[in-house]
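Chain nomenclature is as follows: A, B and C, assigned in order of appearance, with residue numbering initiated at 1 for each chain independently.
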């Protein structure tokens, strides 16, 4: 009882600060503009738990919190620490990436005009359509010139990370979205070949289904958007696809209608429990032999590896998603420089490391992605990644929708809703109408 | 509310009717066993998820899969717990530093309010109570932006003290409700008498109400402790990495790409241990406090 | 003594509600705050023009009915059985109470495994257990049952977590009913069942109301459980999730705030009668 009373006194002292009202003085609650009870100098002293705000701290937001991506980040941080010992790297990683708490943290920090030193975002419209148009990011042209990055990054990527002639982020890595995964030995067993067009896929899928095998493993709703973007790319040529994102291709047109039709048919060949599986659980279906194929970004290679499979005939195999041969549908994690960055010099130092050959070669082999630069040290990468590096240099490039390259967050969210509703009613015409609306409401269409 | 008719009737003289005892008792015994069987079945239902989490937590990463989730691990694999503990340890301490003062603070304020609102009627006291209570229903997701801005303004953003304040504030409605209901059953005469003796509001609280309050404090503290311990949203939005409580760190055990379910599950169990302990050790007081009137409508 | 609470709640609740109201009637989209007055446009869009919001309302209704109905029924049933002073009462009570100690996120993850809806050779989770036990008729698709009934299955983990709370409140209510009342009824020749129906249940009405109010607000705000259980999928979307994604993923701050206000209004519809009832009760005393 005594301790309780003491605690009571302590807490009330902290909070009261003002007068203790008598019953007849109490007024109906009004939100006062100022907060006298809280604006207490002692409050700062009470701040014992807070790490001291260091001038040298470089606070960086990422969503790399576990596994290879976290280890890759650590490796890059080591490079940073070697090069810039005057700064301390503060890892503010929050799990989940797009669509989770990390976004809320960032949005509220920006609203309070207290941005971190730098944060991770998908290169392209995710950063441009959301943050650049809101004036939250600084152009980085000076950095690209000083570091000579214009020569080492592929030409095609520069316009995608630029807005009105200015470059706004430093791509650290490249992932490929349009990959069809399988186990070669299993396909032999099932007696099917890897399909290169959607028509071939449907033939193969019927054979697989007759054998009781799930033709295509699918996961939760975002993997449906991932599937949709590869279907879009697989049913139209790259310039038509690009037009979807700048308003020159009509969302109400026949090309999109065809893509929706294919998507609708493909969905009939997927596992019915898809919405409850995370993407890796969907990939696992292929490993377990329950499904023949899985369409996923090339982070799946890392998962196959973690399950003890090698990129070889006895291990796992990959091919472009049907209809997308010769096209590299890319996405990239990149770092940006916020306006009013906390410790701007330190932030720029971090960006220099993130764009450097050394930094990217430290990060990517562990993370399981290829460097955005074209001069990576090939001896560090495994067979899958080497093939991706070759394709990255030779293929035509197209940006990813589900991973923020080609559509702003708002546009993407509308598309996601439309796809979710489609999953429930499977009404292709309505989906197309909704996509047209989405483009008008939040996309580039007028 | 109308009192049940049977209860109102005067009791007839006892032992008027003689019932054959033996069959009735046998039936009663049978019913008891049926009751225990049913309870056990329910208990299995309640324990299943914990079983799955525990055995998954003890498996190696390669062994974890949906297909074999019921199977016992082939070997006991404590590494996950060790890994999870390493990752969560500083955050467990943060959680403790956060949860205890926040639970106590909101309990104390709630008991103040409950006392005043139940024993000191003044103009608008009902309205005030309604307004306080309504705070319980505010959807937190919609106020994160102004909350962060406000915490920045008063310089409490980023650390545990600010998070404590927020938890205290949003705990006030429920703690007030519980204490007010509890104090409603304390005879008002007690308060009146000391008021006539010249005791002021705070003295009456200290000398009369507080000594009567432990059962309600037990309920409120247990409730608040678990809620604050498990809270994620405010924690992640209002603190910087050094001050993250365990829920945020637990969330971070999952990457954006590969989820190590075994580490995840063992981490979840570790993070839940303190609150589990609270319930197992203090569950009795929880029910007792409720019985003493802490949640009567 | 109430002043600090009143001030704090004034700022943190009513101040922020006022802010939300203002945003909900603005054209704020994107990261630059914009407070141009747009009247009730955002509300009109949600209520009349938004297919997703319609799904959300339906889902919340299904969930709330299943959750509230289930929790009161199950809580009452457990309380009655524990009230019978059966052996190992403490053990059972603790078992039923302990899920309350776990966070909704953890509950969601555990049940995500248990309620795996895969059928056939990939059957897993509880379905697998049913299959092994020969209870095949129980095998089902859980929350992937076609909408809106899948939403009712989402109530299962919520029930698992919260019916212990209902039980505790009911049990406390029962235990505080004087034994004489029961005796009197028994002497009157009432069977045990009748004792519960006629004597005890009516006296538990206030307790039931507390349960419904507290669980009701949880059910309207349910968010992390669903995310952990099923990720984001529209079939199981609720207003709280929509509010989150539209605010933080799409930066439609105005629409998010409007959903928040609508949630608050629906809570008011639930709570104000309760408060009114409680006040009338006291007046009668």
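Note that in this section a residue touches a chain if its C-beta (ideal position, glycine included) is under 8 Å from a C-beta of that chain, and two chains touch if they have at least 3 such contacts.
Computed from a predicted model, the values in this text were never measured in an experiment.
Asks: Considering A-B alongside B-C, which chain pair is linked by more C-beta pairs in contact?
Replies: Result: the pair with more contacts is B-C.
Asks: Taking all protein C-alpha atoms shown, work out their mean, then name the chain whose own C-alpha mean is nearest to it.
Replies: Centroid comparison flags C as closest.
Asks: Measuring centre to centre with CA averages, how many angstrom lie between chain A and chain C?
Replies: 32
Asks: Let me have the rounded angstrom distance from the C-alpha centre of chain B over to the C-alpha centre of chain C, please.
Replies: Distance between chain centres, rounded to whole Å: 15 Å.
Asks: What is the distance in Å between the mean C-alpha positions of chain A and chain B?
Replies: 36
Asks: Can you pull out the residues of chain C that are in contact with at least two other chains?
Replies: 1-2, 4, 6, 8-9, 11, 14-15, 116, 118, 122, 244, 247
Asks: Got the chain B residues that touch at least 2 other chains?
Replies: Those would be 66-67, 109, 112, 116, 128, 131-132, 145, 147, 168, 201-202, 232-233, 251.
Asks: Which positions in chain A are in touch with at least two other chains?
Replies: Within chain A, residues 12, 15, 20, 23, 26, 29, 35, 104, 107, 111, 278 contact more than one other chain.
Asks: In the complex, go through chain C and note every residue touching chain A.
Replies: 1-4, 6-11, 14-15, 18, 29-33, 51-52, 55, 112, 115-119, 121-122, 141, 143-144, 147, 230-235, 237, 244-252
Asks: In their shared complex, at which residues does chain A touch chain C?
Replies: Going through chain A, the ones touching chain C are 12, 15-16, 18-21, 23, 26, 29-32, 35, 37, 98-99, 103-104, 107, 110-111, 130-131, 133-136, 212, 220-222, 271-273, 275-276, 278, 285, 290, 409-410, 412-414, 416-417, 420-421, 423-424, 442.
Asks: Using the touch rule from the top, collect the residues of chain B that touch chain A in their complex.
Replies: The touching residues are 61-62, 65-67, 94, 97, 101, 104-105, 108-109, 112, 116, 120, 122-125, 127-128, 131-132, 144-145, 147-149, 152, 154-161, 165, 168, 201-202, 206, 210-211, 214, 217, 232-233, 236-237, 240-243, 248, 251-260.
Asks: In the complex, go through chain C and note every residue touching chain B.
Replies: Checking each residue of chain C against chain B gives 1-2, 4-6, 8-9, 11-17, 19-20, 78, 81-82, 84, 86-88, 90-107, 109-111, 113-114, 116, 118, 122, 124-126, 128-129, 160, 164, 168-169, 171-173, 175-176, 181, 183-185, 187-190, 198-199, 202-203, 205-210, 214, 217, 220-221, 223-224, 240, 243-244, 247, 253, 256-257, 259-261, 263-264, 267-268, 271-272, 275, 278-279, 281-282.
Asks: Under the definition above, what is the set of chain B residues touching chain C in their complex?
Replies: On the chain B side, the touching residues are 1-7, 9, 11-12, 14, 17, 32, 35-36, 38-39, 42-43, 45-50, 52-53, 56, 66-67, 69-70, 109, 112-113, 115-117, 126, 128-143, 145-147, 150, 166, 168-170, 172-174, 176, 184, 201-202, 205, 226, 229-233, 247, 250-251, 264-265, 268, 271-272, 275-276, 278-280, 283-284, 286-288, 290-297.
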